[in-house]
């Protein structure tokens, strides 16, 4: 360029430099960010980066005691799966069990010991373990043992033993294991009918015909995963397809899975069972030599009468009775709502009677009696029933309790408001909570010594009910502790040391105690002479489970005549008169939250309820016909009023529920318990009547009547599902039982690639 | 020196006639500059033919071929089986072909236009602004003054209201 | 009287030049940055010399990077490995003292990644090592480097070339390398 | 090998429709609706394995749930004869997948495992695959999702965390398949054994309703259950050739 | 034909057009300012927010993953049809009344196409990777998927954009020349370049004529293909109520329909605010009105067909889709569309209506509102009622979406306002063509000096 004066040149220089700067910045901005490589100073011996390590341990999300294997990478837990070697779940696991990871990694965990300064409205301040333990120890040392209570969640295995030793050392027998869903009535019924202390093993796997009286055996009853395995196999595993009948006022998960759902009127399951029994005996389907005793005992339960009491047609009763007696092996189970009425035990005894009459006892496909567990387990007297809790509350009010140690249980949430339990706690000078989370009860504590989660602690467990033979499993930490917390056992041992109880509890750590305890198991084992204890222990830690495959001899079972004579069932009693409170409230354990312990797990909050697809909240299930009468529509906010209070929730039109019953899931409605649970939905337990089952004193939580009051408001009913009708689109296709006559894959427009087998 | 005679006319017909006379008088093809395309030019100055259509045709064909080549070629270069269809699937590829045909056709046409109309104008060319409004100009190349006089005479004779001499400078 | 576009072009020339110069400038700036501070040889907390260890003393790569043969990641040796030798050897050198300090405090050494693939890439060292791919192909002649420098672009196209050249089974399938 | 060779080879290989029959594997899942009891263990298993985000109440209320496998529920009849059936719905890995053809950038295609794979890095978020999918099993990241610490420590390192604007869906746990192949290679096997690899959902299903395997292997468990006369495919009339086959629910009237 | 130009001279035409370019009143700047302001506040900033937050800023959800963005895309593409297409058809059929209006019509095409392209960007989940949908060699060695209807779109729309911009440019070269001679300063230089040194010799005119015709011939099938392809984005899916043979013609007709209505609007504005009363006359509105009537009838017919075939199929899916469209949540919108696009246009039967400007303006608005609704319904109703009832959901546009829709209109207006100051929005030489050539005694017999 020939002609270029100074100004132009400067312009060009300016432009050029601007360009350079731009280019430079651009290049800088697309640079890769700095990443670090940080190795362990000293790597654990079974660790190598990029390779997963699996640890076998025990699931503690419910009482079933499934074995789990936890996958870890770079020292972090990544996934929980069932332990294939474990006889209870055989490698499978339910949703709640898998969500255990979010217990471990929950953002709302308590991370250090906390001391409340001032009264129970005041805030907490961080303290060291030393301070915390000595604070408790001093107090325990100063007070008379009889005024010390230890209220724990239901624990089994050596931890339970440790509690016993600890309380004994303190000279107190106020040791209680409290679970909302502990089946007191079932234990009582079995005790009365079979004279058994253990639950029998229900062999669904080989059952051809199952009568379930209110037991949601696939959802929440006793051992859902194990029942699921049995159910699946019975359905399509064998030659003959098992037939499942569910008797309950509100269709549960099991009800949906069953071939037949019978909505007997609530609380009359016992009557129905006896009606069936009567029919069986009367029709000569039972030829025991005590047939006459039965006849006389059941005389009052003629089909016709039972039919009009239970609202189940006579021909149905006859059909069920015949089928139950003819399709061997058959099995009758009872529990859930059926057991939660005023006459719960009678009902379940009646169910047992059915099994007896068609001879399901002690044979495959029926029910097998379990041997006594190999490691001690809290006696039933330690199992706090509703009645016991009322007494505890009473003691508290009277000021008979100096120190209350609460371990991982949340009675403030799971006891009806009418019991005044929460208020009663005010009468206790010192409440110590060992919970890992700030739940409703812990929020009232004065001192919090946070426990490890089960994935960080040592321990062991004996599944209950067993699987027909003796088995036990060890739980070991799968990750190093996240926070400044301690295993419950270690806390107890720590206190014991401070209190100088070392002669009765010489162990320094829970690990040591468990290991020592397992020496006895090793001692009894067949391989005692072949392997020394250390080898045995290593093997156990790898397998995660131990068992001896000898079934208990279920020989001839003789029934005492007195039992037969005492057989009987009454109409259920409800709190609230029929006229003022037209509906029976049917609270049920949510499949995802159980009694509410799962509500702080985001996965569980976001897991659609199987039956309604509702997430993040609670609802009131209403028969569409009833709703029409009341002029209510889906999503209308209603107030559920019982004689003891009211909660409100949106209406859900539920085709599978009796018109005179309304159902609500338990588990939501927390006031505390972390960001995911707090102030979500409502808790039906609040409004339950404080009515106890007559024999066991268990809470009869299906025995409250309620009425509905429309608020005129709409409430957000968050659902993942849209329309739940198929409109003849053949999405879920069905066929009748006769195999082969079903629609054949080969006939599809595109043949499914079929290989001859 | 002036080497172009340019006559400004008020009426298209007159301009056309003038152009005819010039042609008759043996001048190298005179050019008509008009604000609108004029009818009847071809009768006077002979048929015009342009190469544009060839461009268009060629471009279209090229576009079609390259279109299909692009689609098919890339499909084979990096195989991504989709929907269980063969990787070279004619119906969809024909659509690509179609679009590319038209695209190249259009571009070629433009090219053809620019070339055949000798645009853009680099060399400065004879022009009068009025011819873009309402005047009709006839311009013819003259080698010398004598020729210019003749041309001017013819133009005036045909009724040009003004005759100018315009030189074409070379930039 | 005539018409042409050239005069206008003359008028516009300066503006055009400015734009062109600016564009060129951008290119230059970009290049300069890439050329003079590529950031491929970050300053490590400890001036560890691969030249000395792998080059002069001929210590095989997988003596320290043990995992390379059996895991996704090659693994950086943890300090106890370093101390394994340097507990005895050359304890007085300043750099080694640093290492020993880390060891005393049981702190890990925060090495900076030189060869860092994005999180969405699945690169199993194991498969490559077992397939007989030399470490140097991706990591460059480390045994000659006092400060480890990234020599390979580690871009998708670069991976693909090798995969194609070696005719890796499904070597160009997205899900072979992406996750 | 030269460009020409690659041309001719891949052209020959993928010329005729149905070429996917010759892929290395034809991973297939059968779901026995007579076993399935809707417990949703599979859903959580999937969330844990595949780093599925917690989208939160608001987003679910706006219909943005993310569960690669979901349980659909359908009522038949009214009280007292109401019946509820569950059907697990996940990506059907169709051999003739509508979603694959529509993606402008080939972010979803069929790979040699016979899987319909989604390449998150390639996705530009036109969301057309979700429109074209009749099973509604493709889920879109409407925003970046966060895991409040320490929940993020659970994230599976074998699966990438998807960013906003990306479509995602069930992969049949391709990372596990990859692992299994890896092991097979280590043992010097050409192929993965039947039952060696199970997606998270299949692994955890308590009723064993889900069966997974290679249908090209005539002895595999899945091939056997494909023989069940109850086998059918959802929306078969659309000819998408799903690799997920359902076994009909058995409905009986009275014992 | 020449009748209404009687009072006009060639010189007037030049003067008027040049005036429309150079003389700019405050009214113009105010409008421009407002347009730009609205564009920034309603389009630009919301979009930035969406870029950071993710598509979640819009109301889209699981069943309905497409929303107003795509609807707007189709709408703008549709609006672009008839500008150039109409102009081409009329050019080939050599109908004189085109000449006063085609320039602005084509401009409309161009700008609505640009807006449509931006709507695609807005629609994408990761627009920063949009270049992956273009075929160019890259280090990843990856190419777009040419089997995808969306890629057809990319190709078609880019071709259409190129084609129509070239077409409008070619048509205005002589006018640039005319303006060049009447302007000075930067304008002059701009027009020198734009006019490429056009002189208007007989040869140039001839070449231009030929090239212009070829372009017209090429662009007509292109325009048809473009909207057919847009329709295939839907029709090639197997979604009930979308998977239909009729869709391509349906879309094309709809497009021309809304486009023509759009032209009416623009004509009105030019006539009113650029003082082109003498060029854009009742005649144009009359003809456009007739065209609109025809189109509305065809459009209605296809709608009826859609309903009939859907109903006749009797399948659960089709019936549900139909029921939902006619009586479901979006039903009011549907009937609004029918009212605006099928019933209201029947007024066009009367010549008095066609030739009265203000009513025509309102009708054109109504039609385009209706047509937007149509596009919205196509997306919303069918996607929220697909095969599996359990996945059914509801889609309601979010604020961001609505404001971006408004902003896109502002964007269009802005572009158009800029256009009218650069392009002679009425074709000088073609208007002259419609007038008598100057002869002694005719009103044109006047000199410019």
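To keep things simple, chains are lettered A, B, C, D and E as they appear, and every chain counts its residues starting from 1.
Methods note: contacts are C-beta pairs under 8 Å (C-beta built on N, C-alpha and C of every residue); 3 or more make two chains touch, one makes a residue touch a chain.
Bear in mind that the values here come from a model prediction, so they are computed numbers and not experimental data.
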Intersection of contact partners for chain C and chain E: A, B, D
Most widely separated chain from chain B, with each centre as the mean of CA atoms: A
Chains most often in contact, by C-beta pairs: A-D
Chain closest to the assembly centre - both centres taken as Cα means: D
Length of the line joining the C-alpha centres of chain D and chain E, rounded to whole Å: 43
Inter-centroid spacing, chain C versus chain B (mean Cα positions, whole Å): 59
Averaged-CA centre spacing for the pair chain C and chain A, given as whole angstrom: 52
Separation of chain B from chain E, taking each centre as the mean of its C-alpha atoms, in whole Å: 30
Overlap residues in chain E, where contacts from two or more other chains coincide: 63, 141-145, 147-148, 151, 177, 196-197, 199, 387-391, 393
Multi-chain contact residues (two or more partners), chain A: 613, 721, 724-726, 729, 731
Per-residue overlap in chain D, given as positions that touch at least 2 other chains: 65, 72-74, 98, 101, 103, 106, 109, 122, 235, 241
All chain pairs that touch each other: A-C, A-D, A-E, B-C, B-D, B-E, C-D, C-E, D-E
Complex contact set, residues of chain D against chain B: 6-7, 10-11, 13-20, 94-98, 100-101, 103, 106, 108-110, 241
Chain A-facing residues of chain E, complex: 63, 316-317, 320, 387-393
Interfacial residue positions of chain A with respect to chain E in the complex: 613, 721-729, 731
Parts of chain B lying in touch with chain C, wherever the complex brings them together: 78, 120-129, 164, 166, 168-169, 171
Residues of chain C defined as touching chain A within the complex: 14, 17-19, 21-34, 39, 42, 66-67, 70-73, 75-80, 102-103, 106-113, 116, 125
